[in-house]
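Naming follows writing order (A, B, C and D), and every chain is counted from residue 1.
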Amino acid sequence: MERATNRAEAFSDGVFAIAITLLILEIRVPELDGATGSRELTVALVRLWPSLFAFLFSFFVILVMWINHHEFMRWVKGCDYKFLFANGLVLLFVTFVPFPTAVVARYLGTGAARAAVAFYCGTFVCISLAYQVLFQSVARGRRLTHDHIPEETLNRVRRAYRIGPIVYSVSTLVAFWSAWAGLLLCASLWILWTRLCYHPYGNRHD
Amino acid sequence: MERATNRAEAFSDGVFAIAITLLILEIRVPELDGATGSRELTVALVRLWPSLFAFLFSFFVILVMWINHHEFMRWVKGCDYKFLFANGLVLLFVTFVPFPTAVVARYLGTGAARAAVAFYCGTFVCISLAYQVLFQSVARGRRLTHDHIPEETLNRVRRAYRIGPIVYSVSTLVAFWSAWAGLLLCASLWILWTRLCYHPYGNRHD
Amino acid sequence: MERATNRAEAFSDGVFAIAITLLILEIRVPELDGATGSRELTVALVRLWPSLFAFLFSFFVILVMWINHHEFMRWVKGCDYKFLFANGLVLLFVTFVPFPTAVVARYLGTGAARAAVAFYCGTFVCISLAYQVLFQSVARGRRLTHDHIPEETLNRVRRAYRIGPIVYSVSTLVAFWSAWAGLLLCASLWILWTRLCYHPYGNRHD
Amino acid sequence: MERATNRAEAFSDGVFAIAITLLILEIRVPELDGATGSRELTVALVRLWPSLFAFLFSFFVILVMWINHHEFMRWVKGCDYKFLFANGLVLLFVTFVPFPTAVVARYLGTGAARAAVAFYCGTFVCISLAYQVLFQSVARGRRLTHDHIPEETLNRVRRAYRIGPIVYSVSTLVAFWSAWAGLLLCASLWILWTRLCYHPYGNRHD
């Protein structure tokens, strides 16, 4: 039997896959003049570390978001307009991620690093709010959740989703004071959130 | 059972997903010289508002078109060449959207804003005509519609689809007089169209 | 039951969808200085006709190739390495199409138009040879064709596929003499080929 | 019945398809001034050989990786977080491939060719290690393998996967001495690896 959410998943998978792959386009090949040799190119590649760091960071973020989306959709038994628009809101911010990533890649290690990272963290405030809207569009009054999901599980995930916007907002404020502290706080949240959030879904599924 | 329209849907989903994700590539990272700080970057990011506006506007348009396509395909019981080419016509204009979007992003707020918005609205005239061709390729003589879709429902959607090209044509003309009025008319249509068009498909489907 | 060719189709659909959507990235927003108005932008957009023409032409080509692939895969009952590599060869040239398209967009209407169009047509020689390899990987000795496909049908398509490389080669040579004649010959083939090639597959399928 | 790995496959297919299609974006249309003719364009296209070579090389690599992934997934009966993250690690390096490809395209045939190729080969060291992690996430203790896969088969593939990082490391070192020798060693591995690795999966599957 074909599930009613098949195309919503296929479209979302497409958007996640493209957003995660477009990140690499932001890393530009260093331009040297013809006379230079392998040593100069090696130095130039090493100097790309802010781009590589931003690429890795955002890749991991989008991967975690996709895994989360993947697990979340297993609870959803059907879709309606409210759900499709809430899902569209999540995708809006997912497709937006390559832009703040490019801003961080360009300005990390310069005098404008703090504004760049604050902009980056601010994007995640929006994403975590969008995920909350998506969760509500499915879980409020158990509109679209499978019946076998226990209420207790929904509540645990609901609590985990509520932490997101708060910590991201704090990390945005912290970034104005120190770019690296803001990024660290962001990253710490993902580790925490992964722990908190994944187990309720149940682990292995064959 | 595998549906005969599976691959047409997968291909369409891919094109929609890529077109909606490519929009972000049009927003360029602002270039400042090394001496500048966080304040200058913040100002430069705020000055990108026409790009951000065009991104949001087009994202929402493509999302609405995808949702519409998604709902529409639920009526379709099979596909033939006529349908595949009509669908290709819709996709042609969907992949085209990032270009007029970039033109609006570049020229909104300049002296050429009216030509930019008229070009943008003109694209939607073509899209709404393509959707009409797609609808006819399926609904004419009920060639490819599922039998359980009532005639009354088809007629309601047919009427809604006919309004599209008219209002978009008007908004294109209005844009030559005022860019913002043209955009507003475009946006108002989507809200109206969503209302008119979605309910006939029926709402929730599990 | 899941078909054995599902993932090969999904991967191919992805590549076709991305290649057809990347075409738009080759159309650059015209750069005017700030003082110009709507008239100058309109003129600049009209001057993009070679880009728009190349976009339309290549979009239609990739669409026809995808529809052909879509129909062709309905005959295929399974996949092995030979098939996957032959399919990869087709996809290689599909992903290549945006590059000769950009060359035509840049040099149509200049003194180098003939070399640009010859390069473009030459790409189609390769594509039509790749389709022949794909066809053979499936049809030779009926390795992977469904049993219900009549031998007569295979033969008709085999003949149609053999015309491709010949006409494309001629159009490549003609392009060295006249760019537009080369393009016209290319286009005429698609119309002819569509006619010849599609009907054998049978038309409607629910 | 829907397989539990469906969405992981769809997401992976998307990433592979996009990474393989983005390669073409690295080949830039040669810029000539308006006065030039077809001869100059032909010469300029021929001079793009390093870009074309890098495009072909990387296309083939990603295709082999995808075919491998495709075959590998047929053994997997379900997915959990460990698997999804290991798969994400593979995809990380797949999306990264266009960047070292662009570096090789830019610097092959210049004095910096050796550093460019060493960087390229170094990427494949990472990819082959990531594939090993993916293999272990599925095969260790037969966590997620279908029961009908014989232990002997797993062992043969395990051995083949262990050769990868060694030969790629050697080719990276060799590249510092000769760019072409490094590339040749890379390519020879794929041929070898394809031979070693594919047959255990079994060949035809309907």
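Going forward, a residue touches a chain if its C-beta (ideal position, glycine included) is under 8 Å from a C-beta of that chain, and two chains touch if they have at least 3 such contacts.
None of these values were measured; they are calculated from a predicted model.
Student: Through what angle, between 0 and 180°, must chain A be rotated so its C-alpha atoms fit those of chain B, rounded to a multiple of 5?
Tutor: 90
Student: Relative to chain C, which chain's C-alpha centre is the most remote?
Tutor: Between chain C and the rest, the longest centre separation is with A.
Student: Same or different for chain B and chain C, when you check if over half of the residue numbers at their contact belong to both copies?
Tutor: Counting which numbers both chains contribute, under half are shared, so the two copies meet through different residues.
Student: Calculate how many whole Å lie between the centre of chain C and the centre of chain D, each centre taken as the average of the chain's C-alpha atoms.
Tutor: Distance between chain centres, rounded to whole Å: 25 Å.
Student: If you average the Cα atoms of chain B and of chain D to get two centres, how far apart are those centres in Å?
Tutor: 36
Student: Find every residue in chain D that makes contact with two or more other chains and list them.
Tutor: Touching at least two other chains: 10, 13-14, 17-18, 22, 25.
Student: In their complex, what parts of chain D are in touch with chain A?
Tutor: 2, 4, 7-8, 10-11, 13-15, 17-19, 22, 25, 77-81, 84-85, 88, 91-92, 95-96, 98-99, 102-103, 106-107, 110-116, 118-119, 176
Student: So in the complex, the part of chain B that touches chain A is made up of which residues?
Tutor: 3, 9-10, 13-14, 16-18, 20-25, 27, 29, 32, 34-42, 45, 55-56, 59, 63, 66-67, 70, 73, 198, 203-206
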